[in-house]
Amino acid sequence: MIRFIIKRILLIIPVLLGISLLIFTMLYFTPGDPTIVIMPQDATEEARAQMRHELGLDRPFWVRYGEYLKNIVTKLDFGTSYTTRQSVSVELFQKFPFTLKLAFLSAIVATVFGVILGIVSAVRQYTIFDNLSTVIGLAAYSMPIFWLGMLLIIVFAVNLRWLPSSGVATWKGWILPAVTIGTNHIAKIMRMTRSSMLEVMRQDYITTARAKGLEEREVIFKHAFGNAFIPVITTIGLTFGQTLGGAVVTERVFSIPGIGMFMVDSIRMLNYPVVQGAVLLTAFSFSMMNLLIDILYAFIDPRIKAQYMKKKKHKVPVTAKGAVQS
Amino acid sequence: MSTFLEVSNLKKHFKTPKGLLHAVDGVNFKIDEGKTLGVVGESGCGKSTLGRLIVHLHEITDGKIFFEGRDITNPPPKEMKILRKKMQMIFQDPYSSIDPRMTVFEIIGEPLKILNLYSNKEDYNKQIDQIMDIVGLAKRVRGAYPHELDGGRRQRIGIARALVLNPQFIVCDEPVSALDVSIQAQILNLMQDLQRDRNLTYMFITHDLSVVKHISDNIAVMYLGLIVEFCETKALFKAPAHPYTRALLSAIPIPSVHERRKRIILKGEISSPINPAECCRFAGRCIYAKERCQQEAPQLREVTPGHFCACHFAEEI
Amino acid sequence: MSLLEVNNLTIYYEKEQSVVKAVNGISFKLAEGETMGLVGETGAGKTTTALGMMNLVPNPPGKIKSGEVLVDGKNVLTMSKKELSRFHGNQAAMIFQDPMTSLNPIMTVGNQIAETIRHHEKLSRADAYKSAEKMLETVGIDSDRMSDYPHQFSGGMKQRVVIAIALACNPRLLLADEPTTALDVTIQAQILDLMNDLKKKYSMGMLMITHDLGVVAEMCQRVSIMYAGRLVESGDLEDVFDRPSHPYTRGLLSSLPSLNEDMERLRPIPGMMPDPANLPAGCPFCPRCEQRMEICQDTMPGNMEVSNGHFTMCHLYSSNKGGTT
Amino acid sequence: KDTPSASSGAGGAQYKDTLNVVIESEPSTLFPYDQNEFYTETIIKLIYDTLIYRTNDDKWEFTSEVAKSWEYIADNQVRFHLNDNIYFSNGEKMTAEDVKFSLETANTFTRVLFYKQLDKVEVVDDLTVDVYTFGPNPALFSNLAHPRSSLISKKYYEEVGKEGYARKPVGSGPYTLANWNTGIAIDVKARDNYWRGTPGTPNIHFSFVPEAASRSVEMETGAADIVTSPDYNDLDRMTGLGFEVVAKKSARIAGVFVNYGNVPDLKIRQALAYAIDYPAVVEAVYGNMATVADGIFPNTVPGYEKNWTISYNLEKAKQLVAESRTPRGLSLEVMSYDQTETSQLAEILQFYWKQIGIDVKISQNSFATVQKRQSAGDYQLYPMASQYGTLDPSRATYQFDGKIPTMLNLPPEINAEFKSYWDRGATEIDLTKRLAIYKEYQEKIVEQVVYIPIAHKMIAYITSKNVEGFYGAPGGITTLWQVKVKK
Amino acid sequence: MKPYLKKEQNEYGFGPWQQAWLTYKKSKTAMAGLIVFAALILVAVFADKIAPYGYDDQNLAVRFTPPGKDFIFGTDNFGRDIFSRIVLGSRYSMVIGAVAMSFSCIVGTILGAIAGFYNDIIDNAIMRFIDLLMAIPSIMLAISIIAVLGNGVQNVILAVGISSVPAYARQIRATVLSIKDQEFIEAATCIGSSRIRTLFRHVLPNCLAPIIVQMSLSVSQAILSASSLSFIGLGITPPLPEWGAMLSAGRPYIREYAWIVTFPGLAIMLVVFALNLMGDGLRDALDPRLKR
């Protein structure tokens, strides 16, 4: 298992390399001169050239890219922000925890509610509850997130005064943003859980479990849920990834100083090192999340675990001793 | 009678994550024109792979195939096209072996289109109608989609698709095992009729010994990628030489109240074809296994005239 | 009193577009220690019958329309949830066709066996585990494989595990739904052998569902032939196999290729089984029957006793036959 | 250290210990020279002092801060006399060396307003420095009064450098950084020995809310005492809810740059100006947070003249188009970028200009592109809100300075004229003469209609009723050091 | 099961599509989705006939008129009729959704089909590239693409389209792989069909069902993404009445003049909702498991 994890982590490296090259190339060919933004408009062309030289913008593509990679690998240095002239890694690592936390919290909200609703509507298929939760879930999914966020603020912060409207200084501040994104994702997880659960409930082993005399509760939670959860994990991972990169709107509405807003602002300012860093960091965490999900798979599903551990003790069925003599 | 199809030392190895899978591992046999070779064996022993190799659905790892005396192991594309006309295959699963998005008419007509075997539209229609008539498909199902038809009819479509090219040789990969007995009998009869009328040569793959007995002239028994016994059908059922064949024969439940045979019940199950050891592959389950079986792989040899068997002790047991 | 008595069991699958009449009023009895074979083509309603006897028909769309299933005199169909939960596994157990899908892939086989035991016999976890180990050895698997997962077993071994689960609490009635269809002949022989041994050992009543008449000949004392949701013929093994009375049974027997005799051609039954969503008014076999009569077209034949304990649903044997067509 | 609550305790506990201020965004740094965000400058103003400052009234005159007096020694040399009792928050005394070091360091940062304008700074004695410019430089004072010219500690800077200063600033201002909870808040606490007196409130808590509507909500929920830059749509409601709206004239003006080179026909430029219903536009975009522009300088900048006489006259505009070289109308592009104000202006102006038969398209660009296109003169119409934070007329004309001829694509002779006005204005030390130059300069600009002023914007804050001593500064950089909040 | 045949035995020829349609028709929610969607398409087609005003007709005298007789959805900060803007905006939102979807569908299908159908090397090359894109969350990818290309309708379409290519390609590849395993593909080879022909005649038509399901869902995703981009100012140029842009521009007025954001919000919600209901219905109708 450990070998597998290490192997998977090593496999992330080429992905990140590819992404860095991709985004570096994309931004390299983006029109626009960063000195336009960071220098006064009346700065002379010489001063600009000088600044470009300082920023290293005048060097050929491969030299720049090589340097960039080298600094990341050797010093974990993602370059210097053009606008603030601070280390990008420092700035990113200040912002990133907020985004990460938001992604985690909203994934938890979405998972808890999505899974519970999904199970119940699968078990009570075609009842009013089922239809209602499907419709409500879909409605939540269809709502533009900014609209939902603002509505929640008006209700819970302004009218009821239960929660702060913005900022995440206290744990209370996390509730609304997490619920906003979470609500948006509940529908996906709920539908996945529901269909997966329905699929599993059709299987013979469920009937077998029933035929053993187990109570319905046991059948659902001991036998059906574990199996039904496996495809749901993928969905959870995906929503997590989406939140990581796409919480811009929510961050904006709830004033969370996360990476999304930071990146968008940086794009406006042609602040490429920040954009590259943000994309790489996000991709890295997303990849790690996927790894985590794969490990989780292995925990839940012994078949998958077996693939990872094949080198160790794979029992070839044929070597079984038990056979009936005639 | 001339040798129609000959296979020599045919091998197919699949690369899998766990190692090299020896699906077919050096198989030799001959089929005469107009005859049926039955291939039996347990699940996973390489029957289908063998059949596919012969009709060139898999790339051949090693060995040679001769058809009507010519080497067709690696035919150039042009010759391949001609071969396709001569050799066809009927598949096991009547559900997945026909494209669900085509009508019966389209499915049967497709080979004609691809190989351009009709002169005009009329001819095209006529050929299809003819073949449908031959396999017993009523005209009114022409426009039907597969999902509207039952297994028996679907299997007839599969047969028609193969027959429309007027092949000489057909590999039948368990064509009746997915069907109920009453339908199975209908299809078997049809296939026999066709063979008689068109002088077809069959390679008939199955795991059902009673079917194979009914339809074949010769039988090859496969075990783990190898042919362990090969002879005339009658000979095999009269005097099976290989211990595996014996066990197989005795294991078949007979639908009769009066017959009770002594059964040989094998231990364990067929072992993995991945990197098999150099020994008799059946040794692990064989009740007669001796030391030699563990050390040396037996060759297929002629134990009595026309009766081949791959067992060191075929004569003794 | 017989162990099992099924009276007039009728089960439909009701769907929006159509009603599949899967089981249409079947009745039979099974004594303790007796094995009855239930034979029929695909879609004849065999599985549905078995599920109905366990009161496990998936609902929706399945509905048990009428009938009773008496096990030791108690009607399974009217049991409360609690009673059912005690009944299942303890008094009656079920084995499915495909061992690949009837085991929970993410639970160790040990736990799957022990679970049943723990549920029915108030045992501690450890004790349940111990008796599960014993059970596993009974079906011929080493007990050190208790903590393995289903995917680590081959098909035949999985089927053994399934049997172990079914027999874990000594049920009095075992419903085996094509337990060997998915297996190879040599493995099938092993499993049938095992089941025979266990049946003797536990002296339970068994309903063996299959479409393989050979298996029936090997395993059963009695046999029922099912066609389109009805038992068209039932009786002792010898009666049915040697003196088949229903034209369907006869057709079935003669369409089999035989290992012993050489026959040039098989004699198949023409046509195929009617769609259970659209059964004809009369005898469902009528369109395929070589001996059909006028009456068969629109009158459902009753259950006729042709000899002692040998019943047939065919107008050929009723007193008021019409003329042959 | 004594407890900060001492000051309020003495006053009968009627003042709060902490002032809660909501600003737009989190500062990227608290090092004064390397930023240009005025929400940051609000905090910088509390932590640092500048050499001089402007008065906290509506006259905005230069007043002493660190320098208690100054005089011109030569046209390019100003002597500053420093106060003696100024200490940095780390306890060190501020000396002339620090001032020299600060100004010379600041001179090297592009964002600082006198970037590369100082020739040198010389220490005369411990409390006297001479600042030399390359020539006469009347803008020097307004530049020095800006927070981006704050004074830092030489010794400390040499210890920690720019990065150290960014997160742990040391200044001589009334407050010192207490805690910076990244992403969440900045807390500053009052210094007990500040040389100008005791700050109003012991602690100030800054939180960051980028969305204007959300900032007002913070006020409503009672989480804030002062909110900066609210959305004008919220103001009426907030007043209704009993909050104080502080609105001031500002150094901001909104208008449209018209590229001479790309819209060479004066008639068309004039038509564009006449086609706008100024009061309606101002009302729609700014509510009552702006007045109709009557000059091309912000109404707070010295030299501001009411020289814009064009008003809405659709007939005249149409007539001008008819008289122009392209009487059938033409098609123009409005360059805009993704900022609410600019795009709203673009949208509403597009509507008016369409009415005189001009086919107007809006192009949405990134900020960087807009900047670049403006410099390159690659645009036709560019609505823009400008802010001249130093309140110096030379700053307010830098878009017309002729140094980058492409910017407005003026014909060479006009360009040269503009350039000469600008150069003279930027070097004339005598205020009266200087303002006279700007008056003429502005008339030239108006005459060419290369800029259509639209609104004199105001700057607004919302405060709770309990806030005392709050003053909104014209540049947008307010000082909070004397603000108190009643309990 | 052949549920729908009127039982005359010669009534054959219900193609898979008719079959699916018959199943689809049964579902009330799916039909509701379809009807709403069809209505929206009609609205988009006849937008200029329906809308009483132009999308940029300002009338500053009637700013912030609440919904009522004259303006059924009220007016916005420039006195523009919100109803007209939404009606006319349906063209932008739906066109963006549809074109972006078509783009990602075509590119994704080609990539996925090639990867799934051809050998290891091509498969690997394509899939590794897809993996790269997959590791970047799609909206972030879209933002980066906009950064390179700049604002504007075409670029938004391209960005949204590209960013959903990976998901498509993966899905199609998985489907192709599962179809490739079926015997009818071998049968095609056996009767002499070339690989290309097999791909186009047999594999792709059988992928159509999952593609269609995915399509209906990704149109809605595209509309939402585009509106998110507009929200952060990277989308459509004002005054074009794209719904996301309308929402974004209405932000400051949400408290006082809620209708300015309510209606565009509802409009987006309605399309997305309808499309998802349709997607669900299609999924059920086209589910291969229901065949047989």
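General observations
Which chain is which? They are A, B, C, D and E, in the order written, and residues in each are numbered from 1.
The definition used in the following text is that a contact is a pair of C-beta atoms (placed from the backbone, for glycine too) under 8 Å apart; a residue touches a chain by one contact, two chains touch by 3 or more.
As the structure is a computational prediction, the values presented were derived from the model and not from experiment.
Counting steps between touching chains, the shortest path from subunit C to subunit D takes 2.
Farthest chain from subunit C, judged by C-alpha centroids: D. The pair with more inter-chain C-beta contacts, choosing from B-E and B-C, is B-C.
Between the Cα centres of subunit B and subunit C there is a gap of 32 Å.
Centres computed as Cα averages put subunit A at a distance of 40 Å from subunit D. As a whole-number value, the distance joining the C-alpha centres of subunit B and subunit D reads 88 Å. Subunit A and subunit E have Cα centroids separated by 23 Å.
Among the residues of subunit C, those touching two or more other chains are numbered 154, 157, 190, 193.
In subunit B, the residues that reach two or more other chains under the touch definition are 263, 265-266, 269-270. Residues of subunit D found to touch two or more other chains are 211, 213, 338, 366, 369. The part of subunit C that touches subunit A in the complex is made up of residues 51, 54, 56, 58, 60, 81, 84-90, 92-94, 96, 98, 101-107, 115-116, 119-120, 137, 139-142, 145, 148-149, 151-154, 157, 160, 162, 165-166, 190, 193-194, 197. Contacts from subunit E toward subunit A in the complex involve residues 29, 128-129, 131-132, 135-141, 143-148, 150, 220, 224, 227-228, 231-234, 244, 247-248, 251, 254-255, 261, 265, 268-273, 276-277, 280.
Contacts from subunit A toward subunit C in the complex involve residues 125-126, 202-205, 207-216, 218, 222-223, 226-227, 300-303, 306, 315, 317-318, 320-324, 326.
By the touch criterion stated above, subunit A contacts subunit D in their complex at residues 31-34, 36-43, 51, 83-87, 91, 94-95, 98, 150, 153, 157-158, 161, 164-169, 252-257, 261, 267-270. Those residues of subunit D whose C-beta lies close enough to touch subunit A in the complex are 26, 28-29, 34-35, 110-111, 115, 162-163, 166, 181-185, 207-211, 213-214, 217-218, 220-221, 223, 338, 366-369, 371-372, 374-375, 398, 401, 403-404, 407.
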